[in-house]
Amino acid sequence: MGAGCLTERMIKGLSYEERFVSGHRACAGCGEALVVRHVVKAAGPNSIVVMATGCMEVVSTPYPETSWTIPWIHGAFENNSAIASGIDAALRMQGKRDETNLLVFGGDGSTFDIGFGALSGALERGNKFTYICTDNEAYMNTGVQRSGATPFLANTTTSPVGKAVHGKQEPKKPLPLIVAAHGIKYVATCTPANLYDLHKKVKKALATPYGSFIHAFSVCPVGWHTKSDVAVELSRIAVQSRVFPLYEIEDGVLTFTQKIEKEKATPVLDYLKVQGRFKHLKPDEVEKIQVYVDKRYDFLLEIEGKKAFDTLF
Amino acid sequence: MVLKEIRLHGRGGQGAVTSTQVLAIAAFYDGMYSQAFPNFGVERTGAPVESYVRIDKKPINLRQHVYDPDYVIVLDSSLLDTVDVTSGMQKDGIIIVNTDKTEAELKKKLPGFNVHAIDITKIALEVIGKPFVNVAALGAFCALSKDVSLKALDKAIDELFTARGKAAIAQLNKKAAKAVADKCK
Amino acid sequence: MTKRVIEASHAIAIGAKLTRPDVIPMYPITPQTHVVEDLAQFINNGEMKCAMIDVESEHSAASAFLGSIAAGSRTFTATSSQGLLLMYEVLPIVSGMRLPGVMAVANRAVSAPISIWNDHSDAVSARDQGWIQLWVESSQEALDTVIQGVKISEDKGVMLPLMVCFDGFTLSHVFEQVDVPDQKTVDKFLPKFSLKHKLDIKNPKTFGPIGFPNSYMYFKKQQQDAMITSLDVIKKVNKDFKKSFGRSYGSGLLDLYKMGDADYAVLGMGTLCGTARVTIDKLRKQGKKVGMIKVRSLRPFPEKELQVAVKNLKALAVIDRHISLGQEGPLVTDVRSAIYCNDLTVNGYIAGLGGMDITVKLFEKVFSDLEKGKQNGSWLFD
Amino acid sequence: MKKKKQNFEQGAVVTKPGSSKNYHTGDWRVFRPIIDQSKCIKCYQCWQVCPDAAIRIDKKTERVEIDYDYCKGCLICVKQCPVKCIAKEVEKK
Amino acid sequence: MGAGCLTERMIKGLSYEERFVSGHRACAGCGEALVVRHVVKAAGPNSIVVMATGCMEVVSTPYPETSWTIPWIHGAFENNSAIASGIDAALRMQGKRDETNLLVFGGDGSTFDIGFGALSGALERGNKFTYICTDNEAYMNTGVQRSGATPFLANTTTSPVGKAVHGKQEPKKPLPLIVAAHGIKYVATCTPANLYDLHKKVKKALATPYGSFIHAFSVCPVGWHTKSDVAVELSRIAVQSRVFPLYEIEDGVLTFTQKIEKEKATPVLDYLKVQGRFKHLKPDEVEKIQVYVDKRYDFLLEIEGKKAFDTLF
Amino acid sequence: MTKRVIEASHAIAIGAKLTRPDVIPMYPITPQTHVVEDLAQFINNGEMKCAMIDVESEHSAASAFLGSIAAGSRTFTATSSQGLLLMYEVLPIVSGMRLPGVMAVANRAVSAPISIWNDHSDAVSARDQGWIQLWVESSQEALDTVIQGVKISEDKGVMLPLMVCFDGFTLSHVFEQVDVPDQKTVDKFLPKFSLKHKLDIKNPKTFGPIGFPNSYMYFKKQQQDAMITSLDVIKKVNKDFKKSFGRSYGSGLLDLYKMGDADYAVLGMGTLCGTARVTIDKLRKQGKKVGMIKVRSLRPFPEKELQVAVKNLKALAVIDRHISLGQEGPLVTDVRSAIYCNDLTVNGYIAGLGGMDITVKLFEKVFSDLEKGKQNGSWLFD
Amino acid sequence: MKKKKQNFEQGAVVTKPGSSKNYHTGDWRVFRPIIDQSKCIKCYQCWQVCPDAAIRIDKKTERVEIDYDYCKGCLICVKQCPVKCIAKEVEKK
Amino acid sequence: MVLKEIRLHGRGGQGAVTSTQVLAIAAFYDGMYSQAFPNFGVERTGAPVESYVRIDKKPINLRQHVYDPDYVIVLDSSLLDTVDVTSGMQKDGIIIVNTDKTEAELKKKLPGFNVHAIDITKIALEVIGKPFVNVAALGAFCALSKDVSLKALDKAIDELFTARGKAAIAQLNKKAAKAVADKCK
């Protein structure tokens, strides 16, 4: 098929090859699975994947089956970065480091909470890998419990809506910024509504010396209580409503890859209202969230284009 | 009554587990001991799942899986193609299938079993307005087995759904179960 | 008391609520999740005056548990499998500091390969760490044992943390009938939480110093002495419980089933004991003199009581739902050591690892082995 | 429980890449997406957005085809098709 | 003694009371002990201390003795923040939260490395305590091994100077900035050469709702291979040479509490040359460190006075 | 070979170096520190081509160890006490994945109270997790066992991780004479590192899947089978080692001292065996028929060999440097179970916890207990 | 090893605050700091900088005094005294 | 030679442990087996520490602490006030003390023992220029005990200090040890 053929023109360099193949057992319409599919598509065949315990691990490797066509390893919930450190070192000693991409996947629970110490340690000592946090804003594999990534006031099974307390009381942990503060050279956010952007960022990340980090918005229709067809659309609304800002932090400078002007932004309500996890919200609570979203976005705008993070490596 | 074992086949997200829980509570209101438990899987929405009930006059100590059910309830007839729903069943065991097919058609698929074909989805859509078949199907069980009364079932539906803050659904489920039961008479 | 059909996990959550903990650190893991979720709902509904701490890992759950007790609050938590293993470092610190508190453990196999299903490898492999371990068979026993556990753990002669071990899924996810005690009776049954030592700005003390070689071993001896004391306390609390609630579980330490005249018996822990009962009923009808020993207290291990229980047996089969790899099932090791110098045949069986079912059929095979005079156990695949 | 004779590989390592294709998630489908090829503009959006990689591009014809062995019927493709040429039907059982 | 008396005038409100008393077994001239002494002096009597395993723990509590006159607890090396979470919750439930200061001490090993996950988690969920990291730039208690806080090229026993490799190869992890990126309201640095500043910062930190963090420069004559009398002087040089910048980050805005102009700064060499851990350095290596120190200070100057960190609580 | 007086930790570092590991994750903890420090010095001196990973915790050390082996590199690490406990979750994952590698454990007591001194509670309490455990008595044995360990662990029939357990301080910090093997002999003795399965972009495989109830238990059985195979492999490697290096350690599994005609014997692990030897020499001079059984391999536990070893004894004293609180010393439990149905008196002693010294005097007391026909062990405070 | 009869408190809790004062670190001293009170300007720098809290302020006399039971002889005070009125001597044994 | 046990008293930072290590190596060069080990403490610089050596013709299996030393070396006479350096000693045991006091004064403090007072600090200051007494003190041990030769000591000093990259100090230490030994003759 020639380079100029329709298909290639249309898929603009995306690979045909699937490395996270059909037959995985993610729920119908899983946004996290879509992210994973594209990240490994972008990464190419010479990749090794380390994955933390979580939905994507569980749905893809019921012995004796696997959805992976590239080497893949899962150890535990919190040690994906540490396992990757070992692989990184081994590859280096075997002279195979340059030819191999090392991808580390963790859900938000793994990345924001239990595995963050190990990630932080690996970044500090300069291990080389690209960490992808697939953030569906709760512990989905175990049944939608609160994580550090769960947004303010969302209903989860451990931050339930009750008569006395109305969902999660703490705002979402600002993880990409915390990671960027470690001084690594590349941090980015992405969603499956922006696939070319996602592919580009994955490739950039993999080309970074030392550690790099990608925060991927991952709709979970089951945990968010939506219909099964919303993963892409809701990702777009998340970006448009400034709930999930799209940016890169290169050498400590933040650049929006899609900037949403306040005036043109979709109201956060549009984002919230299709999700069962927010259906308990009263108008003043929605307003609180809107204020919070704007405040955070304004902050990002403020540091945009400046050296906002020191880089060490 | 001696120990009765029921196996329910459904799909993740269809409420198969809830259904067996309701049945266990219902049996309790009929003065019996009961047990309900899922086939502990890692299945996601859409994947085949199983859930079980035991009912007995005496306290139930048995903790093994259900291997030889007296009753089987199939919430989704598409499962018949991929799952052996008759596994371990006695030949006289009752199989209740939610289907728009006729009993005759079904019997061809499940020869030698006491099969009941009921279009529970249709009834659910009529009564509830949504294809919630899990609790409705229990109406068929009550009617056909006579092991659990419809009255107890109503009480159980009330209890479980109210506990989960879904009183409205409870009412609809009760109506649907009744409608399904009527259909079976 | 109210009879209800509820999930075992819910029963445990209710049990915990009835003991009025001040603080609950929680971290979810299958199949423990329903316990903490139910507690979160109680708290957020205002049904329970309690601080929940949404920790970021089980190492921190155990540590927050420690901190909260040391600060003088009754504290509860729950975990399972990888979670318990991640707590491992903290377990002997809690017991070494003599901090009383109850943790429910939904027993589950450990990785690798990863398994969410039941076996006993998580808690059994933590048997050395100075926690009392009570193993339960039913939802009712689970609920009741949480309440008993608080009383045992906080007993002034004991002052040790305590695990209530319940089979993941095989029990945790089972709906069945439970008699729920009322709050008043529980309030009467349990004392107010009080400690000899706590973190108190009015009476400053130092927790967790260095134990030099001239002191460390004495502290361990004290822990062991407390364990020995707890043998009697467990029995007594079980008896008192009966007075208040009308139920008890064997002696508290062991629960014997048709052992009076039994020639052959099985010994095990958790839900498999229920299936063993059914098997025994069946075999008894066939005229076979069979019985069961349920180990309710794995630590302290009721050595003496066990010696008496096996006295008239011809053969005993021990069912281990865990294996100390490179050796054998830990339960059979403990049993043989406890009744050492005995002519009794004791066969060790490994069964039900990683969720493999333990069935009546399997027990029938075991009893038939014993009857045939087989001198060795085996792995029982279902 | 019926058991297939299984081969248990040392360390539980799975040696056949992509073997989950043996498992047909198409069974899960409640709704079925159906492409009207005549209206399709070959933008490959549907191919891109399928979480199950259940839409394949036929390199010869340049057409997209749904692999119903795996399509779970989430309907993301239906929603994302810019020309709305994927219809949704109730899966007949 | 009247308020106007000489002593009181001279000690400017510092408390006479010692809460970390004589008889502790820190090495002669230990800078870390000096920091600890003053932090608890500043905190006042109604304080509870949680301390990680490390030198200060080891030297202060050989059973049956203790150097503490306030309630103190040590559990393990990495769980001080988690233990504090439990205490925080218990105090809240007992109605004693407001009357009690909760101080959490960790060395750099505990804080930068093994215990960072637990700290990060506690900050995310809004536990209230003041965390003090006493940073002596290595694992001293176990014999001077490398930590994430060990400076670039320093000699430690696990980043030893050898024929092939010359000390630690990675720069110091920028922990206060990483902590600030969590969105807490108060982060500060301090040294025992600036004691009034230290006391003020501790008090401010304790008055902060939710978590607060103090990074304390702690000279270790033994691990740094210096004479025993340098702790205070070397702290001063560290500030003057811009090796250890003194600042506060309040509500996300960084302010220098002592700003050192580039022109007036002491050369970094003056800081390095008195320390055995740097004695292997060749001039070009010293120069590299100077460049690195300047770069980092410049970065701080760049973000100074601006909203550089989003605040969440 | 070169004879030198060096520290045991240094001997272990040299042993590790001689096995040519590719990767060493390291995290310091007293009294293991000298091992990793020496290795760091070798590496930074360029004497060793090896990547060191300065991990941020032991959980990560064990995980990096896992990753590096899975990626196909020979890997070594070392830890102790709290560090081993923090690794606990990862231990069965490494063994479950059948990843071979050696970890040296400087045995130390565990908190609380915190103690940096020797006992066996760290490694013994990890005995269930599928690691081979070899316990050593001297610096020479420590060095040699690291080399043997690599060969045993990587044996195709074994493929299990292995701990070399050496007493903290009591051995780790002792300078004594060691015969250091030369690199060539070691190179000849050890095969090249190779794995059946590894992470390889040319042959992609999946590690660490879910083991459903229909597979999980079979994998555990395979691990147990490998453990049983390792009994012979340990013996064979010990023999082969003798051929190459002129030294061996008993049968590899047990090391018997003057057991030929012994009436009374002590059984234990680690350095206390040396002191027992001295005591036995002394008592033998007084005409007493006493001997010692050193357990070198705690896992796999050499049940059969032990049965033979105790055959002619009148009484045996087992010295445990750890206690399973609420029960007894794990070693005495294992021993009693292994020789169950035996008239032999087996007394369990708890000694040397948290660095309390184990002395000749103490062994004399133990032997005198046995001679007097005492039927119970006790806690031995020094 | 000689043993004092020790009381082992439950959980190894230390119940006597500040009891490390029983342990006299003054023994460790190799050099001895000596204050020349006549020159002292009562700036209390020395009191502030002592890691061992071994310098006490006599509230009556407002003088600083070194508690040689604890002073380890690090000489920080010597170095920091602004008027250099603390001398260093070799400790006589 | 039968088993000899030596106990060395010093202060953290004084090199007591190194000193015993040197002695163990020296014994090896004299064809003997030896063991050196510290009294495993958590002491900091300045705190009293102990370290031990065993020397024997035969391999040494004994792993207990040293309770009844044949020799005691005290690197810092201030320790005499706080530590019972004679603990467990035989009455004919040799005690070597680094002190500027006279032997007579010392004997009053340690009545009944074979005490040797040597001002090792002074010699060290003269020879090395710094008060490094740990290795120098071994000169006294060699001279007084005759259990280890000065030649072996020299070799041991070379080996240990060279291994630690301190060849220069090795030379000085050898000289100092020799000077101390000479003083003892």
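Think of it as A, B, C, D, E, F, G and H in the order they're written, each chain with its own count starting at 1.
Going forward, contacts are C-beta pairs under 8 Å (C-beta built on N, C-alpha and C of every residue); 3 or more make two chains touch, one makes a residue touch a chain.
This is a predicted model, so every value here is computed, not measured.
Traced through touching neighbours, the fewest hops from subunit E to subunit G number 1. A count of contacting C-beta pairs for A-D and for D-F identifies A-D as the more extensively joined pair. Computed centre separation for the pair subunit A/subunit E is 33 angstrom, with centres defined by C-alpha atoms.
We define each chain's centre as the mean of its Cα atoms; on that basis subunit A and subunit B are separated by 40 Å. Computed centre separation for the pair subunit D/subunit H is 80 angstrom, with centres defined by C-alpha atoms. Shown for subunit C are the residues that touch two or more other chains, namely 54, 56-57, 59, 82, 86, 89, 93, 96-97, 111-114, 116-117, 204-212, 214-215, 218-219, 355, 357. Each of the following residues of subunit B touches two or more other chains: 42, 45-47, 65, 67. Among all residues of subunit E, those that touch two or more other chains are 25-28, 30, 58, 61-66, 68-70, 74-76, 78, 112-114, 116-118, 120-121, 124-125, 148, 228. Against subunit H, the residues of subunit E that register as touching in their complex are 25-28, 30, 58-59, 62, 222, 228.
On subunit G, the positions that touch subunit H within their shared complex are 1-2, 24-25, 27-30, 72-73, 91, 93.
Chain contact summary for the complex, subunit F toward subunit H: residues 3-5, 7, 31, 116-117, 167, 169-171, 173-177, 271-272, 274-275, 277-278, 355, 357-360. The touching residues of subunit D, counted against subunit A in their complex, run 6-7, 9, 12, 14, 16-25, 28-29, 42-44, 47-54, 57, 59, 62, 67, 69-70, 72-76, 78-80. Across the complex, subunit D is touched by residues 11, 45-48, 65, 67, 76-78, 81-82, 84, 87, 99 of subunit B.
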